[in-house]
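Got a structure for you, written out below as C-alpha cells; questions coming shortly.
Labels A, B, C, D and E are assigned to the chains in the order they are written; within every chain, residues are numbered from 1.
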C-alpha cells in the first residue's frame, strides 16, 4: 500500500528510511530533529533523496533506479505541514477551495467538523494559531488526496477540537483506503490512531511497532532517551 | 500620406521659421509642419527614410553627408540665410574695452567646437585672434546655442560667443562685439528639398523662403543675406 | 500656445498619454515574464539577460534612439520587413511608444523581479502539494503576490515613458501632432526665450499628470494592502 | 580619439565612474531613508513625497537641468550661498554627480521601498519584545533584510547615472576633462558625421562597463542568498 | 505581582480579561480562538485594548486612564509566540544573542538544556520545527526578562526534550521572581507547572482555578465543551 525506501542527505544530516505499511494510519514517532518532516517531504516530492523508491497503492512516485520522479503536483497528496502555511492573499474559503476539483463533496462536513464557519470569509492573517492549522487540515482533506501526510496536525488544537478531528481521522482510516502518514509527539494520539508505528532517531528508522508494543516501549524509554538526549 | 509639407530644421532656427510658417500658411493656405531637432538627428532620420520634404541645416557637412547618400540632390542645395558671430554679454555689462580679456579672465560659453557649427566658427574666430589656447580652459561648451545663451542670461558666465540672431531674441543679453566675417568661415544655413521629384507645394514654399517677404523677416531676426556662392 | 484654452496643448497631452499607456500595455506582460525568469535560478545566462535589459538605461538615449532607427527605420532590418505588412514605427506615435517602452523596460522589470524573489518558496510548494500545475501556481499564487512589485514597476515605467525625450526625438523626430509628446514640446518651446511661458504651462501640466498617476498608484497599493487585511 | 590607446578615452571613463559613484554614495543613504518613510503608514503626505521623488523621471531632462541651474547655478538661490563657502557645482564634476544623483534618485528609492514594504511585520515585533530600540530594529533587522532591494536600487541608479545625459549637459555643460562623461562624449561625437567610429568605441566601452556592474550586482545578490542558506 | 485588566476588540472579536496572579506560573487555558494569544499580545504591548491596566511587579506597563503605555521594547519581556519567529538573516547563535545584555550569563546552561549545540551555527531555515521552537524559547530566556510570556512553547517538542525544559521552567518558577504566563492545551503540562489557571472562552476569562480544581474540572468538561464547540 505504502512503500518508502530512501537514502539521502540535507546539508550534513543524512536520512535513511525503509517503511512498508498497509492501509490505515502509519505513525512516525521520534525526537525533534530526527528526520520525520524530511521523510514526509520526500514522499511529497519536495526533497529528493540520493537513492529511493516510493510507492503509494499502485503508482510509483519515485524510483531513482528507473529514473521515475513524479512532480509534486502529480502525486495527489494532502499535506499538512508542521506550521500552517496558508495563502495570505486568499480568504479562508478560497484557501479551502484551492485544491478542490469542481464536483467536490464533503465541504459542509469538513467545515463543520473543523468548526470553521465563523472564520470562513476572513483573511489568514486574522486567524488564531489553531484556526489556521484547522484551515490547513481542511484544505488538505478537501483536495481529495490519495495519501494524507500529516506533520503534527493537531498541535495547537484544544481537547474539544481534537475530540472532533480524531474520530474523523479514524473514520477516514476505517472507511477509505487512503493511507495516512502521521507525525506526532503525542503518545495518546498515536495509540488512538496508528495501525503501525515507526520510530526514528538521528535520521534512521530504528524500529517498527504495533500500538501494543509501542505502548509498552514508551514508558521506560522516556528515561533512557532523556539521558541520551541530554549530552 | 500627409498633405502638409514636412520640414526638418535645426532647433536654432525655431523662432524665425515659426514666424515664416505662420505667415506662409495664412497666405497660401498650404500647411507646413516643422520638426525642430539637432541636425545630426534629422540627417540620420532622413537616412532612415523620414518623410521630410525639406531639410534645413547650418552644418554643410551634414548636407554633404545626406547628398552622398542620395537623400538629396547635390545641385538642389541652396543657401537660405547667413548669420554673424558675436560676443554677447548681459545687458547691465558696461562697454568693455578689452574684448580678449573676456575669454581669459572668466568662464565664457560657446558651442562645442568639434561638432557644433557655431562652436567651430567660434574656435576659428578665437584662433584668428590668437587666443584659442589661452581661452580654451575658460570655455564652457554647450550642446546647442540656446543652452549657451541661457547660461549667459542667468549670469553663469560673463560672456558667450553666439550667433547675432540669438543675441537678438534673448532680451536679457545684448551683443557687445561682432567678429569680422573674415575671421571665420562664412556662416550659412542651407536648404534642400529631399527625394527625386519635388512636388509643387514644396517648390512653392522654397520660393517663398527665398523671396523678399521672407528676406525681410530673416533680416529683422538678425540674419544676413546668404552669400551667393557656398563656402 | 501658452494658454490652456489652446487645443494644441490638449492634443499634446492626449498624445503623451496615448504613447505612455500603449508603451505600458505592451511592455508590462513582457516585463512580468522577464522579471519571473530573472527571479529564477541560474547565474550567467541570467546576468547576461539582466545586463541586456539594463542597456537602455546605461547608454545615452541618443544611442538607443539611433539603434531603433537602424533596426526599425524604413530601411532597417526589422523595419523594412514590418513595412511589407504595413506596420510602420518610423515617425509615428507608435514609434514614440516603442521608444518609451524600451527606455522604461528596465524600470518595470526590476521591482517585479524583486517581488518574485522575495516570495516565500513554501507557498509554491504548498500549492504544488495541492495539485496546482506550474501555470496555476503562477497565476493563482506568484502573480497576485507580486502585485505590489507590479504597481511599483508600472509607476516607474509610466513616469519614465511620460518624460522620455532623448530616444524619442532621435527615433521618431519631433513632428507636431504626430510624434511631439509633452517632453518634446517643452524642449521645443525652451529653444526660444519667447517660449518660456508656454513651456511653463506644459511643465505644470506634466507635473499634474505625474502627481495624478502617483496618487492613483498609491491608492491601488493601499487598497491592495487593505484587501489582505480584511 | 577612436583608439583605445588614446588616454583621453580613459580619462572619460574614469570621470564617468567617479561621477556615478559619487552620485550613488550621496544618494543611497537618502534613498534608504525616503524608502523607509514611503514604506510606512500615511496616505496623502506619502503620496505627495512619492510624487516629488518621481518628478525627475517625469520631466524632460532639460527641465531638470534648468531647474538645477536656477537652484545651484552661481547666481542660483542655493548655489550663490554655497559659492560663499567655496562649494561650486557649476561646470565641475561634482555638478555632474549632483545631476546624475537627482535623476537616478527615483530609481533607487522604489526597489528599496518595496523591500521594506514586503518585510514580515512579526520580525519587527519580535525584535521589540527582545528589547531592541527603534534604531536597533532598523539597523539589525529591517536594513539587512532589505539588502536585495538596496542592490536592485543601486543597480538601476548606477546604470542611470552612467547613462545620464540631458540634465547633465544642461546643468554643467560639456567640458572635456571636467564634466564630459561617457554619455556626453558619445553625444558630442555623434553630432558630427565623422564621429561615428570613435563614438562606437565609447559605446562599446559603456556597454562593457554596465555588463561588469550588472554582473557584480548579480554576484552580490547571489552570495547574499547563499549566506541565508548556510 | 501580575495584574491584567483589559477590554478591547480585534475586528469583530471582543476580549475582556481580569487577571490577578502572584509570583510563579499563571496558565491560560481555553479552546482555540478563545483569545489566549491576544491577551499575551496585550501584555507585550503588541495589541492595545480600548481600556486596560497592566502591571508587572512594580512597574505599570499600561494604564489607559493615566495614558501610560510603555512601548514593547521597554517592557523587558521574554515572549515565545505560537509559531517560532526567528530572524532569517541571523544564525542560531546570533538569534539567541539578539536580546542579550553584554555581561550575560547562563548561555551554556540554556544551550545545553535546549540541546542546541549541534545547530548553533546554522541558519534558521535549516532547522526542524522543534529546533526552531527551542531556539525561540532560548532567545526569550536569554534576554533576561522581567516576565515570560509563553504561547504553547512546548508543542513540537518530544517527550525527551520536554522532560528537559519543564524542570527548568519549574526552577525558574521556584528560584526566581519572574512571573510566567503560560498558554497551553496540555493538561499534564499545566498541572505540572501552573500555580493558578485561568480558563478563557470566546474572549472572556470564565474561571480562576487552582491546579487541584483544574484537574477535577477537566474530565467532565471535555465532554460538555466538546458538544458546546460542536455546533
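In this section, a residue touches a chain if its C-beta (ideal position, glycine included) is under 8 Å from a C-beta of that chain, and two chains touch if they have at least 3 such contacts.
Computed from a prediction, not measured in an experiment: that's the story for all the values here.
Annotation of chain C and chain E: jointly contacted by A, D, touch as defined at the top.
Ranked by distance of CA centroids from chain D, the top chain is A.
Note: the chain lying farthest from chain C is E, by mean C-alpha position.
The greatest number of inter-chain C-beta pairs in contact is found between C-D.
As a whole-number value, the distance joining the C-alpha centres of chain A and chain B reads 81 Å.
In whole angstrom, the spacing between the mean C-alpha positions of chain B and chain C is 35. Between chain A and chain D, the centres computed from C-alpha atoms are 51 Å apart.
Of all residues in chain A, those touching 2 or more other chains are 122, 126, listed in ascending order. In chain D, the residues that touch at least two other chains are 66, 187, 190. The complete set of chain-chain contacts reads A-C, A-E, B-C, B-D, C-D, D-E. Against chain C, in their complex, chain D makes its touches with residues 43, 46-48, 50-51, 54-55, 57-63, 66, 106-107, 110-111, 113-115, 117-118, 148-149, 152, 155-156, 159-160, 162-163, 165-166, 182-184, 186-187, 190, 199, 203, 206-207, 209-211, 214-215, 218-219, 222. Note for the complex: chain E touches chain A at residues 10-11, 30-33, 37, 82-83, 112, 115, 119, 122, 126, 128-131, 134, 151-152, 155-161, 163-164, 185, 187, 218, 222, 225-226, 228-230. Every residue of chain A that touches chain C in the complex is listed here, in rising order: 44-46, 71-79, 81, 85, 87-89, 91, 98-99, 122-123, 125-126, 139-140, 143. Taken together, the chain D residues at the contact with chain B in this complex read 66, 69-70, 73-76, 90-91, 169-170, 173-176, 187-195. Residues 122-123, 125-134, 137, 140-141, 144-145, 227-230 of chain C are the ones that touch chain A when the two sit in their complex.
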